[in-house]
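Letters are used for the chains, namely A, B, C and D, taken in the order the chains are written, and counting of residues starts over at 1 for each.
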Amino acid sequence: MAQTLTLKQSGQIVLDLVDTINANRAYLSEIDGAIGDGDHGINMSKGFTLCGDALRAKPVLPGLAEGLDTLAMTLLEGIGGSMGPLYGSFFMGLAESLAGHETLDAALFGEALANGVAGVETVGSAQVGDKTLMDTLVPAREAYRAALAEGADFSTALDRMIAAAEQGWQSTKGLQARIGRAARLGERSIGVLDAGATSCFLILKTLAGSVQQRLG
Amino acid sequence: MAQTLTLKQSGQIVLDLVDTINANRAYLSEIDGAIGDGDHGINMSKGFTLCGDALRAKPVLPGLAEGLDTLAMTLLEGIGGSMGPLYGSFFMGLAESLAGHETLDAALFGEALANGVAGVETVGSAQVGDKTLMDTLVPAREAYRAALAEGADFSTALDRMIAAAEQGWQSTKGLQARIGRAARLGERSIGVLDAGATSCFLILKTLAGSVQQRLG
Amino acid sequence: MNRVINNPDLVVEDMLRGLLAAHAELAAGTDNPRVIKRACAPVAGKVGIVTGGGSGHEPAFLGYVGENLVDAVAVGEIFSSPTAKSFFDAMKAADGGQGVACLYGNYAGDNMNVKMAIKMAERAGLTVKTVVANDDVPSAPKGDEAKRRGVAGEILMWKTAGACAAQGGSLDEVIAVAQKTISRTRSIGIGLTSCTIPAVGKANFHIADGQMEVGIGHHGEPGINVSAIVSADEMARIMVDTLLPDLPFNSGDRVAVLISGLGATPLMEQYILYASVAQYLGNAGLTVAVPLVGNFFTSLEMMGVTLSVLQLDAELEGYMKAPCASIGLTQN
Amino acid sequence: MNRVINNPDLVVEDMLRGLLAAHAELAAGTDNPRVIKRACAPVAGKVGIVTGGGSGHEPAFLGYVGENLVDAVAVGEIFSSPTAKSFFDAMKAADGGQGVACLYGNYAGDNMNVKMAIKMAERAGLTVKTVVANDDVPSAPKGDEAKRRGVAGEILMWKTAGACAAQGGSLDEVIAVAQKTISRTRSIGIGLTSCTIPAVGKANFHIADGQMEVGIGHHGEPGINVSAIVSADEMARIMVDTLLPDLPFNSGDRVAVLISGLGATPLMEQYILYASVAQYLGNAGLTVAVPLVGNFFTSLEMMGVTLSVLQLDAELEGYMKAPCASIGLTQN
């Protein structure tokens, strides 16, 4: 199994993310409806669709770095509220780390992931346990970093990342929201999954899967 | 039986009018409620009470001419809508005719009545049959004039006036309102008395009765 | 009733207290508690502009007291004409020696009270002339214009006449400008919900949910028809189609357009309506030289809108664009 | 839903179309359909004033684009922050070479989008500084002021900062004036009914009939308490008693007072409230040097009112009284 992929040829990964979000549009809104205002799927799908359209309109599909940058900018341009800046800074963080590189290896992915999560942290100021997408992102980053430190290969590290992301996502069910719209509900926000943590898990899972597929 | 009364000493008649309106406050509003907005008693009583208070506040009760002028001015000052100007001009018409006279006789009363009715006509432009106070006023004026022409004495002419006023008032039951708030109801305004015609009958009846009482 | 009031019988008094406290430079009370005048009125040598009407239409009527607008206003109970005495006192307060133009709306009570006020004014040696606004097209058929009610078009007549008076117009000139303005103005309203007079406590007319009443009056007077609510664009089409043929307005005309919310309709929606109105007027070859959008003439918390269109000429356009300052309208 | 709209998903687009059609001399569109700028922006040599926020608060935010006020505004969906790109584009549209003051309200979405916009602006070589309004006292306890929301007090900060910029203030001076203004402003709202976002079709919060929610936010954010509706005078007392100790305001202070209706509360009632507010402020020894009453910052068709009080000094009083022209506020 190869340990790197060529960034220029991996732009399709961004379109995979777009497809995932569009496929889960209704599901994400349904989850948001329980303790939010039921528009998370609509918001996300609006921004991701814009990006898909923009990428497909280009004569040649851009590589992964440029594709992620386009995704970041269309989210910042296409959706207001909080999803635009949060996911916008996440993908901007990824894109910035990849920029200037030809290939993506395990170390660069870890760097990019950390940079993306840092972007979300800076913009959103949420902590693990607040019942947000940070509950998916932070465990994912930690698990990936630990896997690399323990000598795992790229694909295995991605498996470990997804396992942790899923656990973090599922942990939001038991949490009381301390930030965002659901925080108004206090204890009544306990017992259901967080919408942002859900979309974030779906994004990481698709990202990892698409990368692994390309590693062969 | 005397055929005249001294105007200076007849100011009490105005207070009798005030009492009549106040005694019929609820009744007048009830009638107005059927096809109007149910405030005729309130409107009338507000204006007449102001006049009563003003007259009673004076060291000496003014005579009839001045009392009627005070009534006219307090109505014009105290109630907006249509009752202020309609009854205001009625009583102003009466007062203007009596002004400068010492005694009230049958002819002067007829002149004053006609002047008052003319004032209402000018201001309100309503015709007999429109279901308004004109349906009381015009027959009353006509009957009084006819009685004098036939040689009736003051008191008898007043009796004839009241009989005609009552008939005119009662005729409003069968009429369809063509003016004022009730006109909006079209045919649905048929079947009940008109509020303004009612208060007008009560006013004429009190006026006649108080004059007759003073004629002895 | 979800209201910000004290005693429901004293809402007008309480409002006046607040208004006078807030706008001492603009408006002042008078001996008659139901008459508000410009702080500097009467202005010597200037024709006085007077209006008046029932309360509940704020900022109309009293909100148009101000610079280059109305000099004194008679204030009635909610939806009820001011007294004759109040109109008279407003005339006195506005009279700067050049006579008074009393510019009011065509309602039975107002007509009668103004008539009596003029009688009083004549006795007091005042010269008063009147113009009665009758811009509300749906309230009587063409040919019967004298029976039509006055609605938001009154504001346009105060604006032009106020500017004319401020520029030194004589009483006859001011009256002519006011008359020309209202004669060239056509208005129509659409109501979407009713409203409640605080002292009454329940709505005094009714519009079913999801229904609209085209041609409704400012006090719920019945309109032309009641139907299911249509889109803003369709409302604009109905309104424009009613107004244009009535004057008639002609291709090439320059017009002033006034859209007023009736109270509870958000400004957002008034602009949505304006977008379509402007388009339909443009299609008909009209140029909007003066656009006004906002809560200029309301009916308590009614939902709905009114549209007024004034056919300008050079004189009226100049007066419409002249500076003015008041609660209801300030432009510089 | 008794609304004057077309497609509920396009109310913002349709409103902008109407607003730009009506106010060509005042406001102009830009390449970004969600950014409105002053017709003459950018003004070379002047600090640019930018704001932005969700729609549904009209005339806020876009209605304060104008002379001596805001230069460009980012327009969001109803009750939802504009995009980062829109804030950035507004900054570009306002930049006259002396930097941009972005003066907005403390909401999670706005904070994040402004943060990202500044990142973009830095890349583009623009100098942007921000002031975040946090005048809403009930939204967080004293000591936790940084968590408080921005409400109608934002208008006061646009007014003073706009005047300062117009008079040639540097970016740092403008920012200092805006910060001083909002630091000395305290606000509180009382809600009497809820409102409905057209695209949602049902109220997204609820106030029972006959109840009032003291301290409610502009989007129905929960307040301090819900109780039976009290008199306007009592509302004034509650509001004043909440605001005065918080700054604290002191006897002898001169203040600006802004009462805003939340949408469907008639102007009459706003003046009724002002009468009592003025009295309670007077009792506390305060002098109202600048009173503003009207629908300045609404929440669609909510019933209710907000009160904002700004502790003036000579500098702020001068800026508050400076002339300005916009849809939301014109004074000369």
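As a convention for this text, contacts are C-beta pairs under 8 Å (C-beta built on N, C-alpha and C of every residue); 3 or more make two chains touch, one makes a residue touch a chain.
Treat the numbers as computed from the prediction; the structure is a model and nothing was measured.
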Q) Are any chains cut off from the rest when chain D is left out, and what groups are there? A) A | B, C
Q) Once you find the CA centre of chain B and the CA centre of chain D, what distance in Å lies between them? A) 58
Q: With chain centres taken as the means of their Cα atoms, state the distance from chain C to chain D in Å.
A: 29
Q. Approximately how many whole Å separate the CA-defined centres of chain A and chain D?
A. 34
Q.
Taking the touch definition from the header, please name the shape of the chain graph: line, ring, star, complete or other.
A. line
Q: Identify every two-chain combination in which the chains touch.
A: A-D, B-C, C-D
Q: Note which residues of chain A are touching chain D in the complex, please.
A: 37, 73, 76-82, 84-86, 88-89, 122-124, 179-180, 184
Q: Show which residues of chain D lie in contact with chain C when the two form their complex.
A: 1-6, 11-12, 14-19, 21-23, 55-56, 58-59, 63, 190, 192-193, 207, 209-210, 212, 229, 231-233, 235, 263-276, 278, 288, 291, 293-295, 298, 300-301, 303-305, 323, 325, 327, 330-332
Q | Touch list for chain D against partner chain A, complex | A | 54, 76-77, 80-86, 108-109, 112-113, 115-116, 120, 204, 221-222
